[in-house]
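The structures come next, written out as structure tokens.
The following pair of complexes shares a single chain, chain A, combined with chain B in the former and chain C in the latter.
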Partner chain A sequence: METISFIVGLLYQYADTIALLALSAIGLIIIFGMMGVINMAHGEMMMIGAYITSFAHYAGIPTALAVILGGIGAGLAGMIIERLVIRRFYGQLLSSLVATWGLSLILSQGALLVFGQLIQSVPTPFGSFTVGELSYSYYRMFIFLVAMAMIAGLWALFRFTRFGVRARATMENPRMARALGVDTSRVYALTFGLGTMLGGFAGGLLALTSTIGPFYGMTYTPQAFITVVVGGGAEIVTGLLASVLSLGAIKTIFMNQTNILLGHVAMLVLAFVIIRLMPSGISDWVERRQVRVRER
Partner chain B sequence: MELGLEGVTSGYGGIPIVREVSLEVENGEIVAIVGRNGVGKTTLIETVAGLLPVMEGGITFRGQDVTRADARDRARLGMGYVPQGRGIFSRLSVEENLRMGELVGGGRAEAAFERVYEWFPRLRERRRQRAGTLSGGEQQMLAIGRILVGQPSILLLDEPSEGIQPTIVEQIADVIATLNRDNALTVLLVEQNIDLVCATAHRCIVVDKGATAATLTPDELADPEVARRYLAI
Partner chain C sequence: MSRATGFRPSWKWAVVPLALAAAGLFSTTDAAAEDPIKICVIDDHSGDFALIVKPKTLGYETAIAEINEAGGVLGRQLEMVFYDGQSDVKRHQELAQKCILDDEVDVIMAGATSSAREAARAVAVENEVIYWHNNQGEGGIADKYSFFTGPIPEQQILTGVSYMIEKYGPKMYILAADYGFGQVSALWTHAAAGLYGGEVVGEEFIPLGNSDFAATIANIQKAKPDFGVFYLVGGAQYNYYPQAAAAGANIPAVSTVNVQQGYEHKRYPPPALVDMYIPFAFVEETPTDSARAFVEKARAINPDEPYINQMTRCAYVAIHMMALAWERAGTTETQATIAALESGLSFAAPEGPVFLDPATHHLTMDIRMGRVNENHDLEFVHDFGAIEPWWLRTLGVNLVRTDEARQFLPWDDPRLAQYKTE
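Up next is the complex of A and B:
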């Protein structure tokens, strides 16, 4: 019985860690992979999603719908930001970092001025279950499933839809895509909106498990960055999966055996090692290897 | 007239490479642009495709002034551009690459996958494969096939024979000639390979130092003496 409860505990923690990493990084990695831009304001997109979720929930809207509204709101905000700011910084990693960092400050400080230190948090739905001594939240497992469904959905979107094929072509060679009649600036705007929408949706989902304030996004931003950098931008979906599975595993093991702090440290150490060996991320490294094997 | 250039000057970063080029391509005609390396042939065809801005002069395409239209608009009007180095999307599958041609010529008509697979059966065999794994010749078939999935009214080909084995060059020449004969497809071809030019072109324009230097018939170009003089091969 003890072993079973240990294994269940470990798996639960692993699923929970994966969900957190995947949800915080999914929107960011789309934008990075497609446009070579790191959106430092990604955490604020999650904050927007969380705020809309909370306001909608207390306006009497069903929670599920409130979270979806959070995603839509952040998606629209992202498309406006893309048009006004990001558009000028495509392919310029450093300038885009500074510009989006400024945006991040404006949005979080703006939220502080308008809404104050904290807004009402939304109760976690679904209750809990116990295995052995320990109790687990159904909602956390639900979030894990949603995160996996989001990754699968993203894969299908890029694989099977017209928009997805054009987006991948634009990502690889925008000049050629344009010469084939693709409206690449529209593809960029939609992709950016998709990335911030998923960020807002993730923010809404996670808002049901924590307190919500102007700096809510900053809790998730660091691990989102690590996940994206480790995953790399060559293949969005495989990079994201490889990254969350490996980082999640090491973090879970250390968290389980020691404490949360050492869990974070272990994850950072692994990220350092991976980046040292594969400077542009796992997916890029895999792609180069495949090319090399073929050329032999 | 399908395509007309009137005193076109263009280049990279404000430095003109192509200077005051005027030429006309009639509907259903195959025109080859020949000349030595580095005389501006690729710059010229990229300017026609809309990838480089026109610094001076004007371009008309099917009766419309497209001087200020960008590459996307020109593609949708029916310009099918096949760049040097082929420009295939190596991470996409063969079939996905073909789908990328749908917008050429407006993108409303039924895409012609079957027709393309009939011309290039090898692409059908490999349609699920990543395009980056194809050989150079297969990639060239894919780049041309991709345009033909759409509804191009002119084909802009930049060095289609580059780095490709002779049998595939012949096959490509066949397809170009057949399309021209049966569908009245207009072709503007930049090429160094005299055999391919002679097998397809109706008229050859020699470019030197960014300007048009002479107009020859393919028969004249087939004469080694003439070819040596203009192309210095």
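Up next is the complex of A and C:
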């Protein structure tokens, strides 16, 4: 019984860590992979999703719908931002970093000025369950499943839809795609909208278990950033999965066996090692090996 | 016989220089009356600590408005020179320098966290400017230029922990923010456990900014404590409460920072904070008429402030203490003002009378115990009465005679050091 409860505890924490990493990074990695743009304002997209979720919840809208509204709202905000700012920085990693960082400051400080230091938290649904002597939250397991479903959905979207084919073509070789009649600027706008929508949706989901304030997104931005850099932009789904599974595993083990600080440190050390060995991330490294195998 | 007609001194002539002197005196006073007394305030209005620190500024504003309406201090108005510390330690240091060098302020009130406090305080002390820290803290600082309005461990931790041991049993689990304040408070908790027959069954230090508590919640459940002792600081760390509640893992707990500063009981839906106990000097719900009047006064200045917290009260008391000292000294000159501050000042604080202890520069204040109930309302379960800042005095600290210019830790006291674990 002791070992079972230990294993369940560890698995729960692993799933929980994976969910947090995946949810915070999923929108970011799409934008990075497709457009070579790192959106430092991604955390603020999550914040927008969380705010809309809280306002909608307290306006009497069912919670599930409130979270979806959060995603849609952030997606729309993202498309506006793409039109006004991002459009000018495609493929310019460093300039886009600075521009979106500025955007992040404007959005979070703007939220502080308009809505004050905090807004009401939304109660966590579903209650808890007990295994052995420890009790766990159903909702945290639910968001793990949702995160996995989102990754699967993303894979299906890029694999089976017309948008997916055009998006992959644009990613692979934008000039060629344009020559073949793909409206790449529309693809970019839609991808950015999709990325920010997923960010807003993730923000809404996480809002149900956390404090919501103007700097809500900033607690997720660093880990999202690390996850994306480790995953790389060559193949979004593989990169994201490989990244969250490896970073999540090391963080969980160290947190469980030592303490939170060493958990964070271990994750950063692993990220450092991975980036040292595979400078463009795991997915890029995998892709190059595949190409090499094919060429043989 | 004619009398000499030369100049003859007479008492009447003495009037001339006197009149001149008086005119000069009045004219300088007039010039000074145009100059306000400058109070440098550095509070975090953005970043992780904005939520708990913003109400502090309201406390300064309330006191300054009150004093200025009544004619100011020494015939001069008070003026707040405000800067946003942005929850950034380095910025506190730079802004404190700016306050002294550019603004030439008469006093500095800055820093909420112990790290920001030390950054600003070092600058103030180095430049021989009076410094006030206006929220609860880990105590132990004995310094000629530094003054404190917030409750300290002998007022909050010893009282709170002994109450919890009596009510729930001896086993406690410490959760503390991983920096100066959290670490020293944890040491005090070990000492309190030793003094009152308790036992620390687990202890965890949480990095600032950490918002994920799955591992911590499991660790607490495994240790099976009778109650928790929580020193969680900053917006991210508050996430512990909804996450523990969602996992059905709430335990009764005592905290010296939560609720009285971060009003978590108002921000989270029940049952996240149920059975949280707080030993406090002031909360918005403090059950005294003067506290209610104070809350009303502060709300009149800023109706949008969601919660009037302990920091609001500390800031308010600090301004009034300085006003009393300047009036008593008859000047804003630093050494004379310190002498006045060390002359035994008392003030009717919102929760009850406070007394500024000359020997330690900390306050004697009323401490009450509150409990967050099932509806997330605050109930008052115990009154500890007025508690003096006695600990530094028992170590022989007397700032009136000797400037110590240092911070004492619990282990500097042999009576507490015997409970040191490791």
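Convention: the second predicted complex is superposed on the first by the 296 of 296 C-alpha atoms of A that agree within 3 Å, B and C clash if a C-alpha of one lies under 4 Å from a C-alpha of the other, contacts with A are read in each partner's own complex, and residues count from 1 in each chain.
Definition applied: a residue touches a chain if its C-beta (ideal position, glycine included) is under 8 Å from a C-beta of that chain, and two chains touch if they have at least 3 such contacts.
Remember, it's a predicted structure, so these values are computed and weren't measured experimentally.
Aligning the two structures on chain A places chain B and chain C next to each other without any clash. Judged by the touch definition given at the top, the superposed model places A:238 against neither chain B nor chain C.
In the overlay built on the shared chain, the residue A:183 is in contact with chain B alone; chain C does not reach it. By the document's definition of touching, neither partner reaches A:280: not chain B, not chain C.
Contacts of A:63 after superposition: neither chain B nor chain C is touched.
In the superposed model, A:173 makes contact with chain B only, not with chain C.
In the superposition on chain A, contact of A:165 is made with chain B only, not with chain C.
Judged by the number of chain A residues each one touches, C leads among chain B and chain C.
Put simply, chain B and chain C get as close as 37 Å, counting only Cα atoms, in the superposed view. On chain A, the patch touched by chain B and the patch touched by chain C do not overlap at any residue. Residues 46-48, 50-51, 54, 178, 204-207, 209-212, 214-216, 218, 221-222, 224, 235-236, 238-239, 242-243, 245-249, 267-269, 304, 306 of chain C touch chain A in their complex.
Residues 162, 165-166, 168-169, 172-173, 175-184, 234-235, 287, 291, 294 of chain A are the ones touching chain B in the complex. By the touch criterion given at the top, residues 9, 12-13, 16-17, 20, 109, 112, 116-118, 120-124, 127-128, 130, 133-137, 139-140, 209-211, 213-215, 219, 252, 255-256, 259-261, 263-264 of chain A touch chain C in their complex.
Within the complex formed with chain A, the chain B residues making contact are 49-51, 70-72, 75-76, 81, 83, 87, 89-92, 96-97, 99-101, 103-104, 107, 132-133, 146, 150.
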